[in-house]
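Here it is, the structure, as structure tokens.
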Amino acid sequence: MDEPVSAGDRDLRLGDRARIEDLFTAYAYHFDRNEPAEVAALFTDDAVVDYGPEMANLSGRHTIESGVAAGLRDIFTATSHHISNVAIDFIDETRARAVAYVYAWHRYRDGSPDGFLWAQYHVGVRRRRGGWRFSEMTLKAAGSTDFHRSEMHPIGRNATARG
Amino acid sequence: MDEPVSAGDRDLRLGDRARIEDLFTAYAYHFDRNEPAEVAALFTDDAVVDYGPEMANLSGRHTIESGVAAGLRDIFTATSHHISNVAIDFIDETRARAVAYVYAWHRYRDGSPDGFLWAQYHVGVRRRRGGWRFSEMTLKAAGSTDFHRSEMHPIGRNATARG
Amino acid sequence: MDEPVSAGDRDLRLGDRARIEDLFTAYAYHFDRNEPAEVAALFTDDAVVDYGPEMANLSGRHTIESGVAAGLRDIFTATSHHISNVAIDFIDETRARAVAYVYAWHRYRDGSPDGFLWAQYHVGVRRRRGGWRFSEMTLKAAGSTDFHRSEMHPIGRNATARG
């Protein structure tokens, strides 16, 4: 093997994969540290975030920052977002779709029992001059317990009749 | 550094690592969406799955598909499998052993309390024409709560007497 | 694209990233199997571990081994450490800082309720002849429930007044 990376590996775009994984990692890190400006900086100017049917979409980086800031300030005293299962599908040189699982723990300001969420981020990402950014994010839940939102977008599990 | 990837990095087989990680990610994704055919397609024709001592081994892709389908249909209304800690040990060009941690949440059809599992998939993987596939999978549990199976293969923690 | 890995990807140091991720994976694996010598072997001779303000720092590989061994023997009957969100910042060829999230489940020898921890490892790593090793590790907690330690280093979440 003289070629360090095979032709098939080129298609894998390992560098872009790592950078897109880093984007999810940065999102969780800044969210959990209550740094809304740093969270918003991970999105394109015109990005749209859909956290669920009970909440209006956040459209544009500025609205994302203020929406995230309000939630972090009013609802939680602590959170921890554990990201895994990142799957990336490249559309072209500058665009990709990705799914990441999140297991999120939430401690509430009002003393409610800790909220747990088992969910997925379905995102669009774009590469601009400054690197990869989220252009679109939809949160879809497999399930939750004691979570502050009761209606969530579903992950799309196939319904099967029993027996 | 003129060489983009060092000799040591070649040994790491970063492309194969990414593809094997993708295999675990796809397993969780299709399992949680109740897509047994897509789960089974990740295994070799002659693969063997051992989910624990209370259940007969699933031998062959067809049996894996029907076994997984029955569980997904009869036992759960929702699941979420969070994969992490993937360790890969390459045997040769087309074979590897891997371990992945899984934190799995289960909601039951019969209304039982949610089941939690902290476990490891110990797998053999093989590269065939269509890419890497699981040839063997054994589930080993560190522990569980309210899980529908009471006996599981252990992860092999060393027993130590106290004091 | 004739170059398999772009200039930007060289800066990513994908091989070193993979090896540092492997270090966290090995730490969890050997910890959960109660293998303190294998855990300690992941640290430099002069490494320092700070698990929190209630416990003296563990200084040097030998002290790390005995400290980890005592905890694994006296406190737990089972643990599972799920690592994710690994962020790496290279300082130079042989040194880096990294943060990894950990979701850890603990079953206690004394029959106390299972302890849960949502936390981060903040580490320094160094490359020596034998590869990358932890030279420093500080555990910082986002939160916990029923954990055997009540005081932990915080992750540094910004405090925000409500309203």
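Labels A, B and C are assigned to the chains in the order they are written; within every chain, residues are numbered from 1.
Here is the rule we use: contacts are C-beta pairs under 8 Å (C-beta built on N, C-alpha and C of every residue); 3 or more make two chains touch, one makes a residue touch a chain.
Worth saying up front: this structure is predicted, and the values here are computed from it rather than measured.
Colleague: Looking at where chain B touches chain C, is over half of the residue numbers used by both copies, so same, or under half, so different?
Modeller: different
Colleague: Given that chain A is a copy of chain B, what angle of rotation, in degrees and a multiple of 5, matches their CA positions?
Modeller: About 120 degrees of rotation relates the two copies.
Colleague: Nearest whole angstrom, what separates the Cα centre of chain B from the Cα centre of chain C?
Modeller: So the centre of chain B lies 24 Å away from the centre of chain C.
Colleague: For chain B, what residues touch not just one other chain but two or more?
Modeller: Where chain B meets two or more other chains at a single residue, that happens at 4-5, 9, 14, 82, 84, 103.
Colleague: Going by the contact rule at the top, pick out the chain B residues touching chain A in the complex.
Modeller: That would be residues 3-5, 9-10, 14-15, 18-19, 22, 24-26, 28-29, 32-35, 72-74, 78-84, 103, 105, 107, 109, 114 of chain B.
Colleague: Touching chain A in the complex: which residues of chain C?
Modeller: 1, 4-6, 8-9, 12, 14, 17, 82, 84-87, 99, 101, 103, 118-119, 142-143, 145, 155-163
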